[in-house]
Amino acid sequence: MQRETLSVRKSPLEKGARQWLGALPFVLPGLILVSVFILYPMVFTLRISLSEYRIVQGEINFIGLENFKAVLTGGSRFWYALRNNALYALVTVPFIIFGGMFFAYLINNLKRGQGIFRVGFYLPVITSWVIVSLVFQYMFNNSNRGLINYLLVDVLHWMDDYVPWLLREWSGNAAIWLMGIWKNMGWAMLIFLAGLQGIPHDLYEAAELDGAGLWKKFTSITVPALRPVTYYVMVNMIIGSFNVFIQVMMLTGGGPNGRTATLQYLLYDKAFNQFAFGEASAIGLISAVTIVVLTAVLNKRLNLDTENEEASA
Amino acid sequence: MKKLQKLAALLMVGCLLALSMAGCGTSQTAVSNTESAQSAANGAPAASAPAGKEITITFWHTYGDSEEAQFLNAVMPLWEAAHPDIKVEAVRQDSGQYHEMIVTSFGTGMSPDVARVDIANIASYANQGGLVALSDYADFAEIAADYMEGPLSTNLYQGKYYGLPLDTNCKAAVINLQVMQELGLSAAPATMEEFISAARDRGSYSLNVSGVGDWDMYPYFWLFGGVLTDDAFTQASGYLDSAASVAAIRKLLELHEQKIFTVRDVDGSVDAWDGINSEYAMFFEGPWYFGSYEDKEAEGIIAATIPTYEGRSASVVGGEDIAVFATSKHADAAYEFAKFMTSAEVQLAMLQSGQLPILKSLVNSKEVQANPVWSVYMAQMESAKARIPSPNSSVIQDIWSEAITNIFVSGADVETELHNAAQLIDAQLK
Amino acid sequence: MKGKTGKKASELLSQLLLWVILLTALVIFAVPFLFMITNSFEEFSYVLPYPPKLFPTRLDFSAYRHILQMDIFPTAVYNSVVNTCLTVLCSIFISTLSAYGFAKMEFPGREMLFKIYLFTLMMPSFLNIIPQFLVLRGIRLPGLENGLVGTRPGLILVYVATNVCGHTFFLRSFFRGLPNSLSESVLIDGGGHGAIFFRVMLPLSAPAIGTMTIFAFQGFWEEYFTAKVLVGANESMITLPLLLQRLNGQYATRWEWVFAASLLALIPVVVLFVISQKKMVVGGLTQGSVKG
């Protein structure tokens, strides 16, 4: 009896160690890189958010939650930025997911010429954000020099006055959202296309025999089967929504008066223009926590992450 | 299994803590770097390095193609002849992300020894302890005597000078003679009063400014009589919200309503560089406008000093300074190089590629006077003022821009806005 | 007979409809590109033509010639190509191993560690650059006074590290989708995890790895800020994105150069994409293997 209990007590530890040894060659290289170049900087940022950072001297003086207080109560810029990130997510993510899924499905059903459209829709994704921002800056130029204004007023005569797109709060935000959708839809489309490959053909064949058309097949087979992929796209797009930066810097500069700024832009402004690294890090942390909460809530509500369900079952 | 998972989690947290402790070590090296650098800077300014030992200093600059060519071909040989024992490694940076590069270099300890720095940033870098106070050097007073006042004042921070002026510029009037003729003026207007009465009945904008920021708006504000702060830049209340300042802004609003004066970022009007060719009669810009377009004069576009209002002109000082970084291991050598760059010979050489000199003795030199563009800008420098030198200059700019936007876009009351702005700026100037 | 032609006709009609919808969408999407291409042919100017041009009215390749003749252009291309290829290779290697470990292997703390990986994806990485730089500088190998700063291996290390979590996330979902029955057959044959990985999982996940490669390639190809900080002064290590930024003058920019350079920089990625996207079409692989 005693021998049995002894061996029972030993084996979980032994088992765990053996499992780790088995997994090591797979997991270790990544783990080392992540620890050194990602986790350590993250801890560094966490430390800075709780301190006053004198950058030249490298001094880090602990001041507790002062930075967080300053960010959350120091005026409205933070709240405008948070609002803009939330709106960005709310507006762009549905368009990107549905648009991506829709176009992927259409392309997948093409008998010929899939390649052209795949490349065409993906081109925006592979162009750098800076260049795209420059182009959009010109297209949305405030006077009649901008392509959009020129079309709307001088060519199509849909409007009387030129819209100062990038100078006003809502048109500026709209330009930023449009650019986000334009640039990311191709990426989502590609992911969904890859996901569509995993749906067995027999499911579609069976549905066709039952007389289902393209749309019915889409809603009853494709959409449900793409759940885990949708989850992946959604998480990435939400993370992206809270990391919006280059468009804001180049299109509107956060103006007018911070009404189109985003959290990341505010972070950059505080760090590089005001040398307030503690507050900048605090913004970064608040941003991260918001994303975590958002994705967790969405996960529960929409029940998309089927694989994690299986794991916990 | 649960116990093991907890154990594994604890181990991981432990590793992370250990790593962050390692981080302490690295920050200490940065501290020791600074200490050694500061002691070097505070020591008596010696001549160059001990005889026989060659040292290398890094110099960051943001010169464009033509300026860099002039620097490497005409200026560096002069240095190499004078100081063969101090090698200068010149590194060209893009002006786009330059400020971010310098700030990042503070954190990584990779700052250069000496660099060309935008005048707006000197105070904030000095505030962070990143620059050496050059006025501590014994010969500073002597060399500073020949520096023009506006450019020199941009290096001031808490009573000391943290850089030397390197090149300067200001805004002058860019005038389209043909459009002026349409208004009934046969040449560049000498006074704003005559320009305003000529442009009043035109019906479309004749004068354009790009935005509401300090660089754009201050010349107009000062021209029409506005005052920002006291001479020592300690207080805005009583100056920014004074009757004269309110009147200046009201005058601008009046010109805006009369369709004479447009603000691109408020009205969505055409950008000046574009519109000057066809619809605008005048706008204010720096000398680089002319450097870029070779045939401006053939198109009827010339430079002129900003027309006076109530007898005086006004402009804003721009340009770059040259500063020595606190973490430099060869601060003395870097200072020598900085002085070299402000010497008359080098200033004249760089003038050839459009870099206006900062020496009083060169204002009336024949090289400057012979060039139609340079002579105008150097003359304008006399009435040009510097922006508020403060480590919080970007916050101050935001306060100013917000007030002006509220006034022009939302129609806010001028007195209230300026009063609020003055109080906010006071807090920044403490 | 009637049924068959009817079916063919309706198929043709639906194909046509698909084409129309997709083509319209594509044209709208392509507008910014048309704008770039058109204006890269424009004459030397600091302002863009008015009225705004969407379609090229002149074919003048002088902007392209100027870029191609720049001294540092070949260096930039070489560096971008080598850096990106090496980074992608290392990334694939490390990430597939890592994803497999998280997907198919059991070890204590696995879920917790994966959640940490996910968390790092959600944290803005803006301020990470300073500690990353300090770490690289601290790796003082003989002959390197600044550690791995300004070196190719240093840059690649940081690039790979910053993408491990994202790629692991992506591939793990994919690996989890592959049925366990496949690995079980290898185990029965006496193979270990290594055998499962190389013989079964890798070949099956070719499309997913292919997709990931394209994204990774494009991401590293256009990366600017990290390269800027880590490469900095070392002109011999300049990459294409850094070169592009140089074209922005301090006061004004020659747009035709910027557009020409951006389009040139796009070409390798587009070519790679066109080649490999055909290979990504491999449908219903797992079907056959399980049945058999």
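When the chains are written out, they are named A, B and C in that same order, and each has its own residue count from 1.
By our rule, a contact is a pair of C-beta atoms (placed from the backbone, for glycine too) under 8 Å apart; a residue touches a chain by one contact, two chains touch by 3 or more.
Since the structure is predicted, the reported quantities are computational estimates derived from the model, not experimental observations.
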If chain centres are mean C-alpha positions, then the most distant from subunit C is chain B
Counting only C-beta pairs in contact, which chains form the busiest pair? A-C
Chain centre separation (subunit A, subunit C; CA means) in Å: 16
As a quick test, compute the distance in whole Å between the mean CA positions of subunit B and subunit C. 39
Between subunit A and subunit B, the Cα-mean centres are separated in Å by 37
Could you tell me which residues belong to subunit B and also touch two or more other chains? 1, 4, 8, 23, 26, 107, 109, 271, 274
Residues of subunit C whose C-beta touches two or more other chains: 47, 50, 108, 113, 116, 130-131, 245
Which positions in subunit A are in touch with at least two other chains? 16, 36, 39-40, 44, 144-145, 271
Given the complex, residues on subunit B that touch subunit A span 1, 3-4, 8, 15-17, 19-20, 22-23, 26-31, 34, 99-100, 103, 106-107, 109, 124, 127-130, 264-271, 274, 326-327, 391-392, 394-395, 398, 401-402, 405, 409
Give the list of subunit B residues in touch with subunit C in this complex. 1, 4-5, 7-9, 11-12, 23, 26, 58, 62, 64, 91, 94-97, 101, 104, 107-110, 271, 273-274, 286, 288-289, 292
Under the definition above, what is the set of subunit A residues touching subunit C in their complex? 16, 19-20, 22-23, 25-27, 29-31, 33-34, 36-42, 44-45, 48, 103, 106-107, 109-111, 113-132, 134-136, 138-139, 144-147, 150, 154, 182, 185-187, 190-191, 193-194, 197-198, 200-202, 214, 228-229, 232, 239, 242-243, 263-264, 267-268, 271, 277, 280-281, 284-285, 287-288, 291-292, 295, 307, 310-311
Quick check: in the complex, which residue numbers of subunit C touch subunit A? 14-15, 18-19, 21-22, 25-26, 29-33, 35-36, 47-48, 50-52, 54, 94-95, 97-98, 100-102, 105-108, 110-111, 113, 116-117, 119-128, 130-132, 135, 157-158, 160-162, 164-165, 168-170, 173, 176-177, 192-194, 197, 207-208, 211, 214-215, 218, 221-222, 224, 241, 244-245, 258-259, 262, 265-266, 269-270, 273-274, 277-278, 280-287
Spell out the part of subunit C that touches subunit B in their complex, as residue ranges. 46-47, 50, 108-109, 112-113, 116, 129-131, 133-134, 137-138, 146, 149, 225, 228-229, 232-233, 242, 245-246, 248-252
